[in-house]
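So, here come the structures, one by one.
Two complexes are shown next, each including subunit A; its partner changes from subunit B in the first to subunit C in the second.
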Partner chain A sequence: MKNRGLLLYALAYLAFLYMPVLVLPVFSFNNSEFIAFPLSGFTTRWYAGLAADSAMLHALGNSLKVGAATALASTLLGLLAAKAVTRNRLRGAGLALGFISLPLFIPDIVLGLSLLLLLGAVGLPLSLAAVVLGHLLVCVPFALTVLIARFEGFDPNLEEASADLGEDGWMTFWRITFPLMLPGIAASLLLTFITSFDEFLVAYFLSGTEATLPVYIWGQLRFPERLPVVLALGAIILTVSVALVICAELLRNRGVARPRVGA
Partner chain B sequence: MSFLSVSRVSKSFGGAAVVDAVDLSIERGEFFALLGPSGCGKTTLLRMIGGFETPDNGTIAIDGEVMNTVPPHRRPTNMVFQNYAIFPHLNVFDNIAYGLRRLRLRKDELRARAEAMLATVRLEGLGERAAGQLSGGQRQRVALARALVREPKLLLLDEPLGALDKRLREAMQVELRAIQRKVGITFLLVTHDQEEALSLSDRVAVMGAGRILQVAAPRELYERPNCRAVADFIGDMNFFHATVRQIGDSVTVNAGLLGILALPRANLAPGIRTDDHILLAIRPEHVGFSEAGVAGEIASATFLGERSHYHVKIAGRSDPVSVSGIAPTHGTVHLVFPPDHLIGLPNA
Partner chain C sequence: MAIGNSGKGYVLLAPTLLVMGLALAAPLLLLAVYSLHDQNGLALGGWTLAQYRAVLASAGYRSLFLRSIAISGLVTLVTVALAYPMAYFVAFHARRKFAWLIALTIPFWTSYLLRVFAWKIILGFDGVINSAALRLHLIDQPLSLLLYNPFAVVVTLAHAWAAFAILPIYVSLEKIDRSLLEAAGDLGDGALRRFLRITLPLSLPGVIGAAILIFVPTTGDYVTPELVGGTKGTMIANVIEVQFNSVGNWPLGAALSLVSMAMVAVIAALFVASARAAAKAAR
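Right, the complex of A and B next:
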């Protein structure tokens, strides 16, 4: 019964993956300040408490700002780099891509610490802007991966045809490249936004006095009575993150209809 | 100076010469074909004329203006791409009107021009159709209309019929020729299909290994190829080794198996001298069956309707002779090789 064994293994693995995550929403509806079984009844008061928490709302605002700025900047940078490596015969393109992707493999704590030291050395203050710069390092590789795949999926002859029909590079970009890249651009915006929004370590080192949401949550863990509220917040972030990633994947896979050739 | 003048143009990619010192002159209003096997450099040459590649050497001039550094969007050329490159996010009308935006026409004028072009390529009423819903033949027409609507001085066509099935291809050949006559624009077509090149064009340049081998009208190309590569590439051809004995008003050759023959002087390619070893070339349809002649054995016969195609084995020769016609018998036949149809080519 090899198949049954594999099935059990798969189920156990899924449980291992998702049980911890599900603890969050379950306890966020639990009517008790103590995080322990048995559950003691259903409540939404932790969620209601969130709406009144002005410090939390401020941190949320900070995270949205940082996420939006990071998403726009990293998608723009990714778009330029992706166009360069897919549309030109560039010497050293592979090497450049490797270097761009390297920050993905540098431990965040090392990255955060290095950035902290660097900012200190050049005399820049810790701020949300510094967080955005740090997040760019992590997000550009994601944007690049999504956008390169998209560029490779569309026919370079389309851009040549536009040039042939009298449009210069700029107008060709707006009339052909941009509309055809739009699903990829949207996917990249969502992915980089959510990556920045959920990022903790770099933000922790660089945010200074303006906490982002994950930094705020970390701070709240010192107060045991705040824990259920943090769980409610975590549950919301989890839901939104998953939803955004699903949207991004759907967009990414929505291909330009490949031309059918034949009669 | 000719309308399109390509002189000493070369292009190499990664050290390999793809186009090698090519000279080419095309007259205004001509339907001209660049014919050659894949990889012979014909598409690269076309792309240099369109501005998508820059020549390493040489000059390209259109209507007296040197084009080498002019980007594609400023050239008086338009191109029909091999895969048509129809803009997938635009409908048929917007695809065709795409290149008109730059001309700053009035709205009704733009509309009229695009509609007229839709009619020329027989796509009336399909303006609203999405690009993804077009058949192969329709895509080809949209690509053609989109390029022609700008009234280029020179239209470049890169294997425009290659993606179509055989019947559609034949119908489109007739139509392409009719459209060219109607609009009067110079057409430069790239193809590997010799039938297409011969049936469509006023003149054909045969390319091989980055060089132009021969430029001639289709009939001349077929009847008087100037080298073995051209003779081989266009149609079916039999070759025999021979030696030139004497060149006078006619040419006397010793053709071994075929005996001593006298050819018209015009059948000899230029540059051949007495005592040269040459190739005698003859088309299958010019080889005749007769009562007496070179004896051979029919090795295979293919029935083709009004005629048949035979492979005839003759003694002392490994390759069978291709013969097109109607054999009087099965088995042993006698072949004659009329000297008027034997062409003397350099043995290279």
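Right, the complex of A and C next:
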């Protein structure tokens, strides 16, 4: 059977995708400082060690702040730009979109170090704000793609009808555009937050003394005895993100299934 | 009027263009300016093309560029080839497509750094593969040739970028009009001919998109070669980072960045053009 062969291939491929991801939680419960086989018994002490690691918690806080600021700013910028290119016939819209999408085709290391040069040239210090600026480059193209798709997915006549019935621009936005865009906005916030939260290289160049979580983890990878704690944190992050993704997908489907207009 | 005047559109577009201009265009211009200067102690010296001459004339940099492109090219090929049957299965045979797509994307929500690090655990001397093979008496000694070489880089990147191949290929397969396949079947084409004459050509846009999405960023990847590549798996980004952080020759690092970006852009454009031409010729 041809289909059975394909199914077996699909399962093998799934195993290839999951093997590295499952190795992390396994070693986070392993009662040894060495990340090597054979396993040496079950422990939760690495998880207990997490709570006491103030440097890591500080880095986690930094990443949450940077991720939230990046998600809000890139989604807002994406929303404005997506509305402009889908609802207004603009000359040069293609060119503008190409320019905004350019960071997708530039290696992260070049984005990071060229911003480093700029900050040095204008005399601004390395900081979490600089990291947010760098992350905007990476995240705005994603936000724009998600939001353009959503704008194209609903009927502009709804906005027109609202205007015809006497609502001004702001009321039309709040009562028609925003509720209809909400699933797209939520998807954009989630995608940009996760992208920023996980971004390493740009933050490595721009964060200065305030490490984000990936920058902190990178530093820990050199100290083998610190690794089990890092793996415990990785396992927690994985669990939380999987829960978030599944919630988001359920929400998104609900949003698609019940398109409701108005407040 | 739903379609507002274009003036309002430009106002809406302005903040995004301003931020991108400030954070993208200005830094890239500055990078170009740096690449055209000498390093004079800690400051910039005079204008010169010396950095480009140094990059282009050196056999060491030439082999570094070639190796980076060869590794990324191989990563692209392996990732797309492995992902195609997977995407094909989901698009044509899976009963619960949505569940499969979720299952295929979940591994990518783990920290990128930790995913790459996990391959170090799998391929390492005391790693998963060596322990399993020893236990099964397939080998007497742990293999040391699994880690710290280009092979480890290719495996790790093929894993890290899998979603970027599966999703575009799946989308292009899903869009194929199933009645075309039925028509070909009715006219006597077997499964293989149907695949080669209809499914494969119609899914090429997804394959080309996936290839570009993977090839371009992986040539500039830093983390994977640094963690699993060893000295034989060093790529462009690692050398650029050394110029900036350890050697302190910023103009040379800037020139290396721009030359590698230009090279990748040319290769990607040539690839897209030739793939489109080949797709046209096949039709």
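We take it that the second predicted complex is superposed on the first by the 228 of 263 C-alpha atoms of A that agree within 3 Å, B and C clash if a C-alpha of one lies under 4 Å from a C-alpha of the other, contacts with A are read in each partner's own complex, and residues count from 1 in each chain.
Here is the rule we go by: contacts are C-beta pairs under 8 Å (C-beta built on N, C-alpha and C of every residue); 3 or more make two chains touch, one makes a residue touch a chain.
Predicted, not measured: the structure shown is a model, and the values here were computed from it.
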item	value
First (subunit B), second (subunit C), both or neither touched by A:V110	second
Dominant toucher of subunit A (residue count), subunit B or subunit C	C
Which of subunit B and subunit C A:P214 touches, first, second, both or neither	second
Touching partner for A:K83 - first (subunit B), second (subunit C), both, neither	second
Partner chain(s) touched by A:L190 [first = subunit B, second = subunit C, both, neither]	neither
Subunit B versus subunit C as contact partner of A:L6, first or second or both or neither	second
Which of subunit B and subunit C A:D168 touches, first, second, both or neither	first
Subunit B versus subunit C as contact partner of A:L231, first or second or both or neither	second
Subunit B versus subunit C as contact partner of A:P179, first or second or both or neither	first
Intersection of subunit A interface sets (partners subunit B, subunit C)	157, 160, 163
Of subunit A, residues touching subunit B in the complex	155, 157-158, 160-168, 175-176, 179-180, 256-257, 259-263
Subunit A to subunit C touching residues, read off their complex	2-3, 6-7, 9-10, 13-14, 16-21, 23-24, 27, 34-38, 77-78, 80-81, 83-85, 87-91, 93, 96, 99-100, 102-111, 113-118, 121, 133-134, 136-137, 140, 144, 156-157, 159-160, 163, 194, 198, 200-201, 214, 217-218, 221, 230-231, 234, 237-238, 241-242, 245-246, 249
Subunit B residues within the subunit A interface of the complex	50-52, 71-73, 77-79, 81-89, 98-99, 101-103, 131-132, 135-137, 139, 146-147, 150, 163-165, 168
Residues on subunit C engaged by subunit A in the complex (per definition of touch)	1-6, 8-10, 12-13, 15-17, 19-20, 22-28, 30-31, 34, 82-83, 85-86, 88-90, 93-94, 100, 102-107, 109-115, 117-119, 121-122, 124-128, 130-131, 159, 162, 191, 216-217, 219-223, 227, 237, 240-241, 244, 250, 253-254, 257, 260-261, 265, 268
